[in-house]
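You will see two complexes here that share chain A, one where it goes with chain B and one where it goes with chain C.
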Partner chain A sequence: MGNKQTIFTAQQLFDRYRDLAPQLVPLDYTNHPDVKLPYELIGSMPELKDNPFRQRIAEVFSEDGEGNMTLDDFLDMFSVLSEMAPRDLKASYAFKIYDFNNDDFICKSDLEKTLNRLTRNELTEDEVRMVCEKVIDEADLDNDGRLSLEDFQHMIVRAPDFLSTFHIRI
Partner chain B sequence: VKEFVALSTRDRIRAIRDLAMSFEEKKHIRWVLTDKQLNLYCYTCNKLHSQSLRRCGYSIRSARQTLELWQGIMKEIGGKFGTSVLSYFLFLKWLLMFNIFSFLINFGFITIPLLVYDPSPNIPPNVSFRGLEILTGAGYFNYTVMYYGGYSNETLIGLVDYNMQLAYFFTIAVYMVLCGIALIFSMASSFKENYVLADTVSNSAWQLLCSWDFSITNERAVRQRKNNLRVQLKESLSERAQRELLTLSEKLKHFGVHLGSWLLSTGLAVGCGASIYYLYAANWSLLQEAETLLVPFVVSLMNLVVPLFYSLFNKFEHYSSLGRQIYALVVRNVLLKMSILAVLCYYWMNVVAEKFSCWESMVGQALYRLVIVDFLFLMLGSFFGEFLSNVIGTRLLPRLGVPEFDVARNVLELIYAQTLAWIGIYFSPLLPAIQILKFFILFYLKKVSLTQNCQPPRRTGRAAQMQTIFIALLFFPFFVGALSIVAYTAWRLTPSEQCGPFRGLNNTFSVVGVWIDDLQEIPASQWVVWIYQNVIRSEIFYFLITLIIIVIIYIFWQVTQGRKQLIGQLRQQIVNVSVLHP
Partner chain C sequence: MSEGEMAALKEEVEEKKKVIATLRNQPWRMKKRLVVLKEAQEFVEKFEGALGKGKGRKLYAYKVMMTKILMGLPYGSIPRKTVPREEQETAMDYSVLFDFGGYCKYSFLFYGYYNNEPTIGVLKFRLPLSYLLVGVGIFGYSLMVVIRTMARNANEGGDGGEEGDFTFSWKMFTSWDYLIGNPETADNKYASITTSFKESIVDEQENQKDENIHLRRFLRVLANFLIVSCLGGSGYLIYFVVKRSQEFANMKKDNLSWFEKNEVEFVMSLLGLVCPPLFETIAELEDYHPRIALKWQLGRIFALFLGNLYTFLFALFDEVTAKLESEKVIKNSTEWVLNQYYSNYSSFYNTTDVPPPAVHPSDVIRGPCWETGVGIEFVKLIVSDIQVTYLTILIGDFVRAVIVRFLNYCWCWDLEAGFPSYGEFDISGNVLGLIFNQGMIWMGAFYAPGLVGLNVLRLLSSMYYQCWAVMCCNVPHERVFKASRSNNFYMGLLLLVLFLSLLPVVYTIMTLSPSFDCGPFSGQEKMYDVIMETIEKDLPAFIGNLFSYATNPGLILPAVLLMVLALYYLNAVSKAYQQANTDLKKKMQMARDEEKNRRNNKDSTNQVMKDLEDLLPNKSLIPPPTEEEPPPPDVVIEKGSKSPKMKPGAAAKGVNLQKDVSLAAPNPRAPVTRAPGPRKGPPGNARGPQPGPGRGRGRGGPPRH
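On to the complex of A and B.
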């Protein structure tokens, strides 16, 4: 239906990347220059600057895990976050974003950090604990106390809005 | 890792899963944005880019972007208000495309040949253009190509022999069929993506992990969303703490209130229909043209006011979930609009078709008036619904707060407006032009009203399911209803004798019969005649097709049941395995 919007080409994304730091990024990429834009520049993009997960997004998509992105990383990021990316791909990246300690599982502490980012630390400790327990109760299928990628994907399958909410328009 | 692009979807998913497991080598999975391969390392074109060329490239790109209609505005709305409000505007844009297509083919195939052949319309001498025609559609417009009556039934001799009757019939028929196919495909794909296995929204896990809208870019909107999420989480926690079972008397009371509101709302809908019938029957006069505006005025007033009553009933009822509440409201509104449309069509088909000589143009004018007055009332509704609520909510009664954009009500209004246009295409081929203008202005109006007066919705979720419901509603009952009205007109009603492309025939469909008879004399097109006589006119063919379709549906249904069972069994196996191997 009318949900599909324009497809942006690599050239347009390259122009956006270059606009962040015109003096660092050369116009000519035929020699594979090794240029990395620091996280501060990426995080200041208007599409990302108010997103509570911008740091995690940059870390997940960057090669060095610190948030400093090459052009490849930048293109990957906006490809996965575009509306054309398939659901499984988005789910696997969302899983990585929510997995703060990078151990391939979303454990209770990851959930607590997510919750605090999403509610500006305004819930009490008890409430945070209860919400996280409820989440693990509801989503953990194999009963190991933490969410694996399969549990997460099972949840995503039942959430049809996910494709449109995990989407950044550029 | 470009090789992933070449794999099929399933292999790609498997490969991605394998990669996700092995975190040591951070490989990149590239999803290609366009069909062309991402040729990163070959920006040879960049060597030529001087400053001025780049600037030129920018302006061309931004021009292309504005051609992609309203791209920037959609992004802004999505950024500030989220996906559910954006879905209204996307729906509006999608409906606009239907109308643009309809206008182009009607104008191209029906109106232009007539204008080329006979550029001056035959207007009687004492009728001139006064300003009132824009509102009433009668008078001067009655004799132009705006309505059915302005078209001739001859075969136009020019460069090519152009049969106006066949052109009129087939253009409208082909457009309706294409619309139906487009709607069915949208509905099916939306159903498949959004409806299958959908879970309840109040699920905590969903709220925490899946509901955050990454496309919101406005700082204030982000803060508001965080507040809303916090409030929702607190609510669901407290619900859990004090979930009490309702006693029998309370259940009975709720049931009674529900029954009462349903009876009241159905009664209101039927009452509106009956009053419009009596108003029409008592007040149909050609002479005073301004009086003909009375019925559209009353119709639009009802469409504006009665849904407010429904929202009021809603406040007194107790619903177990937000979804049920919205569905009940939507069903009641649909009932109201359907009853009004049914009464209007009944009156047109039965009374107007008998009474007047050029009745199709009359019906076309009535529809034109309905469309125009509906537009005026939509503007008024925006004023009252959003602007006044904002003023009341911020200055007079701060307790109410800033209003939210009611997506359901607005989408239903769009669906109703589009139904009027669909019914009107047969009687007034250029009505889509008015509709295009209407939707265009409406878009900007709603956008301004939204940004000035409304706040982002407080309860998130269900946007995808609501979208499916709206597309399904657009198709059935509204499109199917419009199609049946047009089909009934073409099949059963006698076209008027004095005007229009089908004068002199028994009914509109006989145009095809006449054409087939003509074709029988041409030996090269015997296959068309054969198809018509043995396939379209024979009952055995339809009987067989229906039987085959029923059998196929039954087989698919059984397959679905089997798969549901399999899913349940697999889920049980996962739990069992985890219990055995903790």
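On to the complex of A and C.
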């Protein structure tokens, strides 16, 4: 383990990044070129294309918040989503991903969007409303009607499946 | 072969028979089941029963796997194994075979076939003893298996569903697997997530329903009344039909139409078809959670089938007594004939050494073998059950689906959405079908050993058939719920059925005397005499003494008393454990609430301090820490939640503060005169300053609705 593995993985990641758009990405990064790959390329990667939250993932990890990722963003994304990232780091990024309106709180509308993405709009409005209310009931500790980062972390840290599902292997 | 080896062999055969009988209950893969079945059956056939060459060979069609030469005497050698002369001409007729008469009746399938010699063949296999022991042992083994399964299920969280603290939150944030990279897998995952949410929603809705209790109770009472009257009606109908069939039995067979001959089975199947949907419709008045409604439905259908079965048994019993009567008559006539023969012979040839009459086996006078009669009835019942099930699936699911699909184009209303639409998989009907099938096997196996093999065949084929039917013709339930959580309930039903089917068999073993010319116990007073004989003759003397001591009532009564006391004690211990469990859960809950409140206070205090710092021009105004009384919190009680959420500033006492809180004065919004210090210990009497404007930020929470 250790260095050799990490370097090998970083090289792998760079290759994957470059494979997305060989004409845009130079082989030589010593001059830190300012290259951003548009979201469409990122979203079509096989690891992400079936994920209902791929757009949010790209937006959260990209510098400009639009989903256009530099190599650093790319590396960041896969390192947080890898097995070796610490739980709290993952939890904070998960929070950002599910916070659709970027207001540092997961409010009811964020929950509704999450749920509709998860069930592909199969649930009725009443059911969606009920589920979102239940989630806020369960997890909202400071009683402001929305989930702050602490609420979210408190809840997610106890979840048995979190680490195994919030994981992408490349 | 030595005694030990004989006993070992006998035990092995018993073992194999038990395995066959309870193969259904084992949680094994199909391949393993088939292999074990094949082994066990080969073994059993090798050492029990006989099938020779010639006419008997046609019966191969009814056997599953039969490869080796069997131990007993072949067909046609002794009277009980042969078809009587008068029946021989019709013995191979299809209709007679269908009724399980003819060759079928005189085969190893039924009790009457087995010879009553104490030991048979080269290995001196004790057929009668083993027959009895296996028959009784099947029940014991099944009992053990069922109870063990129930105990295992109880350990794994049991019945009724678990409560998680963050069920919905975890479902929402941790159910999607980010490793999914395949569109099909993604589709499946979406479907399973949706189903899982719907299940939890249904469970939650049940908890939240507010109801008009009186109306609901009235409706439930009404529904129960209707259903009880249905059950009573069906019971009376069966009784009536059975009485009629007894009259028919006295008339000659050829005058009866097919309908009249099979009236009992027909009526029972009809009731089994009509009543369950009727019960379901009536049960919609009751408006229960689907899982609970399923249990009620099962209970009711169970009562229905029970009534049917016991009426059937009583009818059988009448038949048995009639046969016993006629047997006495035949016995007398046989003895008379034999006496005649002996006296004629000795007077004709003038000797006293009279050889036994040289009569072809098929011409011997035969008694009516009531055990075989009973066996035949059971087999007929099972076969008609099979036919009804297959037909129901074919018509009720397949034909219905075909009609709905194809007639929909030219029908006035939408067949798929309205009546009749596609069928849903009927959980209760199928579960009960299985349980009752098993019950009938338990009852009938003693009198018709071939029934077990027949049933295994039926189970195999029915499984594949129903699998196809479900995939092809059924749609999922509208209200999704986890049926597999009630496993112990089904096991409990199975246990009940086991006991109920044990009763008739044990009763007949104990009270009725076996027929004198058929079966392994013929000639004895009672069937269990075999055991007595074995104990007296073959086992050492002291064991006989032991048994006679053990069956002394003076010993049995205290033993029963002791068991009752042990039961009571264990019950008390288990209740104590349950109580300890709930106490621990409460403690955990309290610890969680304390943590929550501590967190609340930290947040609120930080927030409040920050607000104040913003307001105050000079930050150095923050005084050294002082005693602070938190403002009395408004307790917001959630519907159905476990503990009230405390507003910020609540004391760290957690749940205990509820009482104090409700008595405290409402929160006065006084202007801030002093910055609150950090929290320190329980509130004193001094009322601290109320945080004013800072409170407004999102914490005055929206009113819950």
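Please note the rule applied: the second predicted complex is superposed on the first by the 162 of 170 C-alpha atoms of A that agree within 3 Å, B and C clash if a C-alpha of one lies under 4 Å from a C-alpha of the other, contacts with A are read in each partner's own complex, and residues count from 1 in each chain.
By definition in this document, a residue touches a chain if its C-beta (ideal position, glycine included) is under 8 Å from a C-beta of that chain, and two chains touch if they have at least 3 such contacts.
Keep in mind that this is a model prediction, so the values were computed, not measured.
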Combined model on chain A: chain C and chain B, fit or clash: clash
Which partner, chain B or chain C, touches more chain A residues: B
Touching partner for A:Gly145 - first (chain B), second (chain C), both, neither: second
Touching partner for A:Ile42 - first (chain B), second (chain C), both, neither: neither
Partner chain in contact with A:Arg120 - chain B first, chain C second, else both or neither: both
Contacts of A:Arg158 with chain B and chain C, given as first, second, both or neither: both
First (chain B), second (chain C), both or neither touched by A:Asp72: first
Chain B versus chain C as contact partner of A:Thr30, first or second or both or neither: first
Superposed model, chain C segment overlapping chain B, candidates 114-122, 168-176 or 348-356: 168-176
Chain B and chain C footprints on chain A, overlapping residues: 46-47, 49-53, 81, 94, 98, 111, 114-115, 118-120, 122-123, 127, 130-131, 134-135, 138-139, 141-144, 152, 155-156, 158-162, 164-169
Chain A - residues contacting chain B, complex: 1-3, 5-10, 12-15, 27-30, 32, 46-47, 49-53, 63, 65, 71-73, 75-76, 78-82, 84-86, 88-89, 92, 94-96, 98, 102, 104, 106, 111, 114-115, 118-120, 122-123, 127, 130-131, 134-135, 138-139, 141-144, 149, 152, 155-169
Complex interface listing, chain A residues touching chain C: 46-47, 49-53, 81, 94, 98, 111, 114-115, 118-120, 122-123, 127, 130-131, 134-135, 137-139, 141-146, 150, 152, 154-156, 158-162, 164-169
Chain A partner contacts - residues on chain C that touch it in the complex: 165-170, 172-183, 185-186, 190, 193-194, 197-198, 200-201, 204-205, 596, 599-600, 603-604, 636, 638, 641, 645, 647-648, 698-699, 701-702
Parts of chain B lying in touch with chain A, wherever the complex brings them together: 9, 12-13, 16-17, 20-21, 23, 26, 28-34, 38-44, 46-47, 49, 58, 61, 65, 68, 71, 74-75, 78-79, 83, 87, 90-91, 93-94, 97, 186, 189-190, 193-199, 203-206, 208-219, 222-223, 226, 229-230, 233-234, 237, 240, 461-465, 467, 471, 571, 574-575, 577-579, 582
